[in-house]
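Have a look at this one before I ask anything.
Letters are used for the chains, namely A, B, C and D, taken in the order the chains are written, and counting of residues starts over at 1 for each.
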Amino acid sequence: MKETVQSAVVGVTGYAGAELARLLLHHPRLRNTPPVFAGRIDAKDQARGGVPLTEIHPQLAGSLAAHCKLEPFTWELLAQRGVEVLFLATPHEQSREWVPEALRHGLRVVDLSGAWRLIEAANRAVYKFEDENSETAVATQAAAVYGLPELHRAQIAGAQLVANPGCYATSVILAVRALVAAGVVDLDHGIIADSKSGVSGAGKTPTAKTHFMYAADNLSAYGVFSHRHTGELLEQIGLDNSQIVFTPHLLPIPRGILSTIYVRFSSGQTAESISQIYRDFFAASPMVRWHGTILPQIQYSAHTNYADIGFHLAGDGRRAVIVSCLDNLLKGAASQAVQNLNVMLGWNEAEGLE
Amino acid sequence: MKETVQSAVVGVTGYAGAELARLLLHHPRLRNTPPVFAGRIDAKDQARGGVPLTEIHPQLAGSLAAHCKLEPFTWELLAQRGVEVLFLATPHEQSREWVPEALRHGLRVVDLSGAWRLIEAANRAVYKFEDENSETAVATQAAAVYGLPELHRAQIAGAQLVANPGCYATSVILAVRALVAAGVVDLDHGIIADSKSGVSGAGKTPTAKTHFMYAADNLSAYGVFSHRHTGELLEQIGLDNSQIVFTPHLLPIPRGILSTIYVRFSSGQTAESISQIYRDFFAASPMVRWHGTILPQIQYSAHTNYADIGFHLAGDGRRAVIVSCLDNLLKGAASQAVQNLNVMLGWNEAEGLE
Amino acid sequence: MKETVQSAVVGVTGYAGAELARLLLHHPRLRNTPPVFAGRIDAKDQARGGVPLTEIHPQLAGSLAAHCKLEPFTWELLAQRGVEVLFLATPHEQSREWVPEALRHGLRVVDLSGAWRLIEAANRAVYKFEDENSETAVATQAAAVYGLPELHRAQIAGAQLVANPGCYATSVILAVRALVAAGVVDLDHGIIADSKSGVSGAGKTPTAKTHFMYAADNLSAYGVFSHRHTGELLEQIGLDNSQIVFTPHLLPIPRGILSTIYVRFSSGQTAESISQIYRDFFAASPMVRWHGTILPQIQYSAHTNYADIGFHLAGDGRRAVIVSCLDNLLKGAASQAVQNLNVMLGWNEAEGLE
Amino acid sequence: MKETVQSAVVGVTGYAGAELARLLLHHPRLRNTPPVFAGRIDAKDQARGGVPLTEIHPQLAGSLAAHCKLEPFTWELLAQRGVEVLFLATPHEQSREWVPEALRHGLRVVDLSGAWRLIEAANRAVYKFEDENSETAVATQAAAVYGLPELHRAQIAGAQLVANPGCYATSVILAVRALVAAGVVDLDHGIIADSKSGVSGAGKTPTAKTHFMYAADNLSAYGVFSHRHTGELLEQIGLDNSQIVFTPHLLPIPRGILSTIYVRFSSGQTAESISQIYRDFFAASPMVRWHGTILPQIQYSAHTNYADIGFHLAGDGRRAVIVSCLDNLLKGAASQAVQNLNVMLGWNEAEGLE
């Protein structure tokens, strides 16, 4: 087991990138090997080489980040610095291009985009990848492991490429997979996942929908029957398209996701039987907090690295409402990436995250 | 048809009361007969007699409210002023007590509380009314008409007592009743109503849950399988308890409700077949805006007197997501009360509301 | 006195334009002469001709706006419709170009931009107008009246061109001018105006600073010693640059301005002497609400057409803190424009605004 | 120098208490000596003995807080556990009573309330302490050191009682003291401190002013010419009452303070001369980030342990606007308390805070 590792973060200028930088700089194993930081691999960010990280993210804490600067990305830079693990907090188009290249350079990659998460071509169709059928893309996808440690710990440990899950997907899969795996859910009846996310999930680029005047004092549903994270739900929970309806909403808050999930059981359950299923499923998972019949709220997990899950059971024992919360920038992105790093290197899964 | 009417508002010190005062003061038919205003019938508000309305609600517009004062409530006061219609924006305990008395005085009443909305004793149980089985209560309930003009216009016109609907209930009933009435919904499969409300719905009394620090940057589900408005959904949509799950959430915004509703159809539908059902149902309803396949947002209806409804249909034609928005203080309370007044007096239903 | 007038609004697609449309559609004098509506005079908005106004601003109330459509702007269109008054809710660059043209067409103009507000060339320098020294510009500026009815009622009545004031400027001038005019302020000591505005003041174009993630849970000062509204303060209050410091801040709310203003008096004052000055100054001004020693808050004036002003006096009688609030889209823009219209046409100044 | 110390936190149920618990649990020196936690010393909190800390503050991170429970406060408990340092995050009335008792028990105390911050009786008058003239109170006050390490590092190191500063006071003193100490400020002209704070500063008890509906979409000034923190400004900056006006405002955000401060210089300054004064003053102060002519914003310091300070100088070199930001629960309360602990024990002042 390595004591430490040299890493690099590409896309540190975005919201998830900033959180990733913060977590890696404070990670006990990385104290003496701070990451190499680069912006997105585009003209604007490449030109920002030498800019102090704290100028871009002023809230990044003092002394640790004080001397970190943005560096223009090149493969030579990574080689010179001995980088072994590469985090890509980049748009999926960039990740489609750079991940195969990174693998050719022998790097291990944690990709935070949606580029390599989906196994089935049908589920990938929504992304309209230009290189969908190229030999490289097929091989890269085959090498990718879906980076949800609670489901795929062993494969992540040995993976060259970890596809860090979507924020909504993490929230719903963690809430539902235990029950489906236990065989208690009436899948023919179907599952409803009504999710609500803070605005940071929409990214840093100013658009009509991220304008304060659009989001504030508002709530809006979007991507109904068509959101990109749906494929992750189908593949990771084990459902076909008729068995789940997933509706995301834009919340007027900076960060946090709450998913309200409706399931029907094949046979009557008790609060205890349901709780037991979750406790067993997450027994070895330090980043999930099981709340039993207490319903978590967004504030429980905001600014933390945890997913929080609780539920209520109807009096008939046949229907349940499950509530799942996480911070979309942390367990939904950056801290999940660090959790994957820990698993990849054989470290304590929660190291640097508590 | 009367040209005007003398009204009184009890409970004008609360949020719904303030909106009701504003609407009545600006109502074209009431220009020369401003309402009598009283606070809640408790020691604190009774002692505020003579206090200018604008001191309690400083945002109430200038000249119209300038001379309005809070008056200590007595039945004699109402008689002296010739009050014919009484609005009660009071807690349900007060309304249980005062509505029968008001009817005895020959007043017509619009009660904004939950005191007289529910027909079935089983659905009322959640309120734990002390006078549940009294002769007066039974008779009063029998006289009450559920004040949703879009469903009960004719009965409201002749009613002595109108029970103004709950805000969540209005939002869900308006979104679902048309489809259920048309017989297209698979009721055995059940309906999911995932509702989100701004904080004004929780009332003006400071509590742990209305504290800014609790509500801001947060979202929380509450009243799961147990919220008081559930009975209204059952009775007005025509469902039994196994056919709907209703989950309210507290949104970090001052006002507005958005309900995301999931239904399954007994047979395949098209966007046009669904739209036709709604258009027919709301043909004579000026306060509902039908958006077709555009999904309304909370900002569409906030600070307006309208309910906004739209939907998306799944590709299979069997499942739909319906989104319904309204301002909980207006179409969910005060403007609905004025709409009921208009219907009761034979006026244009939208008068003073557009 | 005309009974009504045909108007047109250019720039109805923006925030102030939407409020202006709402106010004009509900104005009692304009019921039967709804305005002609046009977007900005640019390719994007011109191409939106025929688009319903309610599609652009879904919250615009039902029946009145139901049949209004955006029309591509031409001078012929205005002539055909008999337009006599033109509202320009456009960027100052557009207003510099179109106002002289409108005057040539014999229209009376209310311009909501900063194009024609400033009398002194030195104060205009910050705008860097390209046509600064053109004959047309000089003549147009000479014809312009600063559209603050509380100061210039008589000139506005006869004006061909009314330059509607800036939102911050309105807030500060109304709070300070009365005291300066009364000669009680120690001008050598100087005035501090610390102003805070909601995000709608920054306009509808998405930028890094209007991104929800920038504005929410934040407060930031900007334009320190350099904000464009400073010139309006100097000219309208009657100060030189050394006598006032004006600092605007961006508040995490959609709308509303609060200015906290610090003055020192040349001689000792009492609460009553100060109140008397304000009461006298605003005796004929229906859109200013004087609160005496109660300090108004943003909620008092948000969504209203009023400016609210109050103050506290230090124990020494020599220093005062004045607080001034208004809705930046209403008294800071759209309702002020309607107030100017009322004055221009000899109507009741508050008509359609209460 | 001690390697570690046993501490206790009284009042851990409040907002500052929660942050203090989080910081102490993660402090490298306290890993193996977690604090003793108690609620307020009142009936309600005393009855909560045994309640897990994470039940009261669900967002408190996983494993570290997992086994911490609230304990009913007694002096015996502290003695049994070997407590040497006591943090009081309690109302000032409680601190007035319990601090002298703690000192009698030989404890070192960091008191987060306003009970012991003020040296001058005149400045304390606003608190109306019942024991103002008691011998104990006089002796206790004499022993107290004002806990702003940037000003009083040496005295704090040896103090038995550290009076942790007010949040507003920290924000203003840090911004102004350097300039006043350097003798460049025209004190006769006076200083204006216009401060804005998030709602957590108002405490956890639900009141009309902490209601979401009061604070949201609002801004309000309060305590004008009368706020309790004024005395701290006078004593710590070195001013008399005529030399500063301090106006606090309630911001619609959970946490963070921004103070906009206006000073006039006795003689002309340059940006560099001012910067040099601050750099010298804070040379040994790791928890202050000097931004020069970049103005910090609330987001810079929210959720961090730092104070951020920057300024703009007028063209005349005689007037400056200084902007100072901090998190009212951290550098304005809890992290300042930990910083004081570090100084008291001779540890690195920033330990556990970066």
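Criterion: a residue touches a chain if its C-beta (ideal position, glycine included) is under 8 Å from a C-beta of that chain, and two chains touch if they have at least 3 such contacts.
Keep in mind that what you see is a predicted model, and the values were worked out from it rather than measured.
In terms of C-beta pairs in contact, the better-connected of the chain pairs B-D and C-D is C-D. In this assembly, the chain whose C-alpha centre lies farthest from chain B is D.
Here the CA centre of chain B is 37 Å from the CA centre of chain C.
If you average the CA atoms of chain B and of chain D, the two centres end up 46 Å from each other. For the pair chain C and chain D, the distance between mean C-alpha positions equals 41 Å. Of all residues in chain D, those that touch two or more other chains are 214, 216-217, 252-254, 297, 299, 302. Because contacts link each chain to all the remaining chains, their graph is best described as complete. If you check the complex, the residues on chain D that touch chain A are 58-59, 61-64, 217, 286-287, 289, 296-297, 299-306, 308, 350, 354. Of all the residues in chain C, the ones that touch chain D in their complex are 189-190, 192, 194, 196, 214, 216-222, 224-225, 242, 245, 247, 249, 251-254, 256, 258, 260, 262, 264, 295, 297-299, 302, 312, 314-316, 319, 321, 323.
Remark: chain A residues 15, 199-200, 204, 206-208, 210-217, 252-254 touch chain C in the complex.
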